[in-house]
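Reading through the structure tokens given below for one structure.
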Amino acid sequence: MKTGSFYLSTVGKIFQWARAQSLWYIPVSGGCCADEVMNSLGNTYDLERFGCIPQVDPRQADLLIVSGVISHKAAPHLKALYESMPTPKYVLAVGSCASCGGIFSSELSYAAVPGLDQIIPVDVYVPGCPPRPESIMNGLIALQDKISGNPRAHIEN
Amino acid sequence: MFKPTLECLNADVTTWEIGPYYSALPGPMKLKLRLDGEIIISGQVETGFLHRGLEKAFELNSWNSSIIYADHLDSEGAVFGELAVCLAAEEIAGISPPPRAQAIRLILSELTRISCHLNYAVKIGRAVGSETFTHYVLRDREKLLDLFELLTGARFSLSFLRFGGVKADVTEGFIERVIETCDLLRVRLKEYNDLLTFNQVFLKRTSGVGQISKEQVMRWGITGPNARASGVSFDIRKTHPYSEFEKVDFHVPVSNSKGTHGGDAHDRFLIRLLEIEQSLEMLKVFADKIPSGPFLETKSGSDFKVPRGEGWIRIESSRGFLGCYLMSDGGLSPSRVQFRTPTSSNLLVIPEVVVGLKIEDLPLVLASLDLNIAEADR
Amino acid sequence: MEILELISKINAAAPGAYLHKSRFGGSDQTSVWLDLRKIRDVALLLCNDPMIRLDWLENMSVAHVDDALVVTYFLRSWNDPRLNLSLRGSIVMDRKKEQDDRVELPSISDIWLTATPMELEASELFGIRFLGGSQSNSGSHSILPEGWSGFPLRKMRHSRGNKDV
Amino acid sequence: MNLESISTISWISLMQDQLGTSSWRIALFGLSLIYGLIILPTGAVMSYLERKLRADFHARIGPSRAGHAGIFQPLADTLKLLQKEKYSRSTWTEMLWIGFYTMAFYSIVAVMPLGSIALLVNTDMSAFLPFWAALVLAFGTMVFGLSQDSVPGWFGGVRVAAQALAGAFPAIVAILCVGLQAGGFSWSSMAAVQGASPFSWTVANPFELIAFFAFVGGGMILLGIPPLDTGLSMPDIHGGVISSLYGKRYSLFRFSRFYGFFLWSVIAVTMFLGAWILPFGLSEILRLQERFILLGSLELLWILLKTVLLMLVVSSVAQVVPRGRVDHVTDFSWKVLSPFSLLALIGYTVWIGLRTFL
């Protein structure tokens, strides 16, 4: 009992901290938000400050950053990509198109999936068309707060 | 250095299907390769993973929103899409934008060209694993994005052009910033050359790799820097001048490397750096001489209509010949918008250009073709 | 090459193909209206004749106007980039037929190789079956999701949102 | 400087005298001590320093949130990798490969030169043992890659093996050069011919300088240090064999990459850059005063410092040079490094001959 609570309190917190501080991501590009994801990696914004390194293989990634439109044709492949990541894994939907369809919502486009959450579970949505790198970083920090159980993550705006 | 030949390893022929999400690919697309050892003997492309129904979305929205959708044709160079749609609508409606608007459009278009080419350099740097170069270029690209932000308020989806002009006048201090940035970039270009362009390893990786001959350029309708790297001097800005490009004095860099290395990945990289230099020259001369006057013919409200008719517009985007076919039935929204994008012709050459490549060169060659899948799939 | 001379050549190579000529939109470009069933003969002439050599199909666009599909081929010559021409023609669709019924058009993608992706798109989005084309007849989708029926760019009830246009 | 004066005093016999336990227990204890207190922390620090250095090259900050200035970033990475859940059953080839790795790790640490006191085994062929380990590892990686049912695995494995073969030759010739000078291949004899001042290091000799570059270059190729890591190149084959590794195995792999690099650099420092000999004659003074523990720790720190510096210099090459292609890399090894290493060997032989007979 004692070890269990110790695990939950201290060791668990350390593990949560480690997960939050080392989000290796795999960017799935498409459309304009991909550029901003790339810029946020560049030295002006530098995502590596938060421990984020871009990965190319889904097996080594913890975070899937989906930016831009997902078409119905690509949706099963995206799901397969998500499923090939080992747990614990997180998803960041960057941009209006990935969040809810944006300007390619279901009334306006016959080919785009209206929102990433129709395919895979999403942890954090970043609004914007395209979002600035600052808001992508904000979304990332929100995700870190969510993982490490920071109460800030549960404040309703 | 020698031309990669189709060596026969007599190894087992393997099929390898990569994509749609794979780091070697420039975007969501599928590539079905047949490999003999490490050498590619054939490749087939499948696209359509980013088909968003863009052309249909134009037909479902008002004329004013079509500028916003035109932004999303090619996200890196949003201005080119906007410009194509605006020019086509203006041709149908017979509106001629005031000179000041034309000048602003030209400046914006050249800035976008520089920004797109810098993005291209980033992709090349990634493909050869030169991270330092990548970060330096990204830093300088921020300067251009700052300029866009100063002028239009947005970094990527600008939606700044209007039918018959531009949305707003140039911001205070914009011209000075443009000239400042041009001076800075000229210094940076030299840095890039020191760091990557004439680096021995980079030369070895790129020269003679992924060659496109003049015949291939003509056969597949490749345009823009890719064609000029192969020695085909074709530029819409010269043959069909738009937005007062005829009044600007500039020359189009064309690669003259002959023999075994013509039209290889290094030529394509170099021609883009030369084009950046050319655009800098153009901006430096032109930015000071913006004519005064109004920047918009008439403000178009939400009931803006274009009279019945059709138009076919060609412009030179950063990747080449961007065409826009626009048809209006006089209604509240366009009747048909169709784009001819440079990437869709660049994609056609892939099955030919990958033959004989080693798979290590595949990301480099695909990056050097400057493919934007969003633009090709629409 | 003068446009009249060109038309006489077309008439000689493909009798009955030429319908009339007009200006394209508000531009100074000439467009020649053709009977699209004979487009292959005209294409072979324009592409291969050493005097004409309009060997680059820079664009092929399809538009749905009233009850016809208007197909426009924008041609250009590599030798003289200022030389260009547009070929046009229309396919009338039978209104009584089902909306997902395909219409037919001879494929020219073996003459102008650049037409390949354009024909693929037109076949999926407009429902044109290209006769003799390499890839567009299989019926499987490469742009639209699997199991899709109907052609989204035709001006009919088309989309999943069931929006009338 | 004669050989007797700095002959090594094995710390095992030292401990055995004091504690009176059997030597294998002390050896085991010593190994775990070396792993837990030296190699793992050095790995963490090195990983942190390398990332910071890379960030500095890129004109950015680098990891800065995990702990003060991001110092705990490697710890966070490792802890995160350990938490990854298993989702596929492990195959026997994978287990075999992991076995290979573990075995190679633990066997080499015995010959790792970490100072005259901390020398566990000092045979006359110590310098060759790491070679065998590296080649066996490369071979194991190749088999592992070939057993993966994927194109990245195959080519990753084959490239690793091709590079290992190409890089081993110049490196082994470079070792011969040092052996010629030292008159043997034990670490102590290699250290014995060097002094504290850079001018008395092995590398001060022009032929040995060439051999040094051949050794470092050959090692980079053998081990696949960026920018010569074609077997693990990311854009085209998703990292080769590692494309099927995740979680704990990936952390093992990362550690092994560091370990190979570290070992190679320690050897390079021992052979060429003055080994563990302390500056200002401190080695002599402490040895005469018989303060062996202080001597051992100072030597350890000194050699670690030199090693880390060498590693940082080598890893900064990747920041300015693009990644090569595998045939360019092997070409470089066979056509540039190998001739130069042979030149160094012959030149040094002639040099010795002249010095002896004239």
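Going in written order, the chains are labelled A, B, C and D, and every chain counts its residues from 1.
Methods note: contacts are C-beta pairs under 8 Å (C-beta built on N, C-alpha and C of every residue); 3 or more make two chains touch, one makes a residue touch a chain.
Small disclaimer: the values here were computed from a predicted structure and weren't measured.
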From chain A, how many touching-chain steps at minimum until you land on chain C? 1
What is the chain whose Cα centroid lies farthest from the Cα centroid of chain B? D
Per the C-alpha centroid definition, the whole-Å distance linking chain A and chain B comes out as 29
Geometric centre distance via CA averages, chain D-chain A, whole Å: 37
Averaged-CA centre spacing for the pair chain D and chain B, given as whole angstrom: 46
Which chain B residues reach two or more other chains? 23, 48, 51, 53, 56, 60, 135-136, 139, 377
For chain C, jot down the residues that touch at least 2 other chains. 143-144, 152, 158-159, 163
Residue numbers of chain D (touch at least two other chains): 58-60, 234-235, 238
Name the touching chain pairs, would you? A-B, A-C, A-D, B-C, B-D
Chain B residues touching chain A in their complex are 20-21, 23, 27-28, 48-54, 56-57, 60-61, 68-69, 71-72, 75-76, 78, 119, 122, 134-136, 138-139, 141-142, 145, 155-157, 373-374, 377
Looking at the complex, which residues from chain D come into contact with chain A? 51, 55, 58-66, 70, 72-73, 75-80, 83-87, 234-235, 238-239, 242-247, 250
Enumerate the contact residues on chain A facing chain B in the complex. 28-36, 38-39, 41-44, 56, 68-69, 71, 73-74, 77-78, 81, 103-104, 107-112, 129-130, 132
Quick check: in the complex, which residue numbers of chain C touch chain A? 141, 143-146, 152, 158-161, 163
For chain C, which residues count as touching chain B in their complex? 24-27, 29, 55-59, 61-65, 72, 74, 78, 81-82, 86, 113-114, 116-118, 125, 142-144, 152-153, 155, 158-159, 163, 165
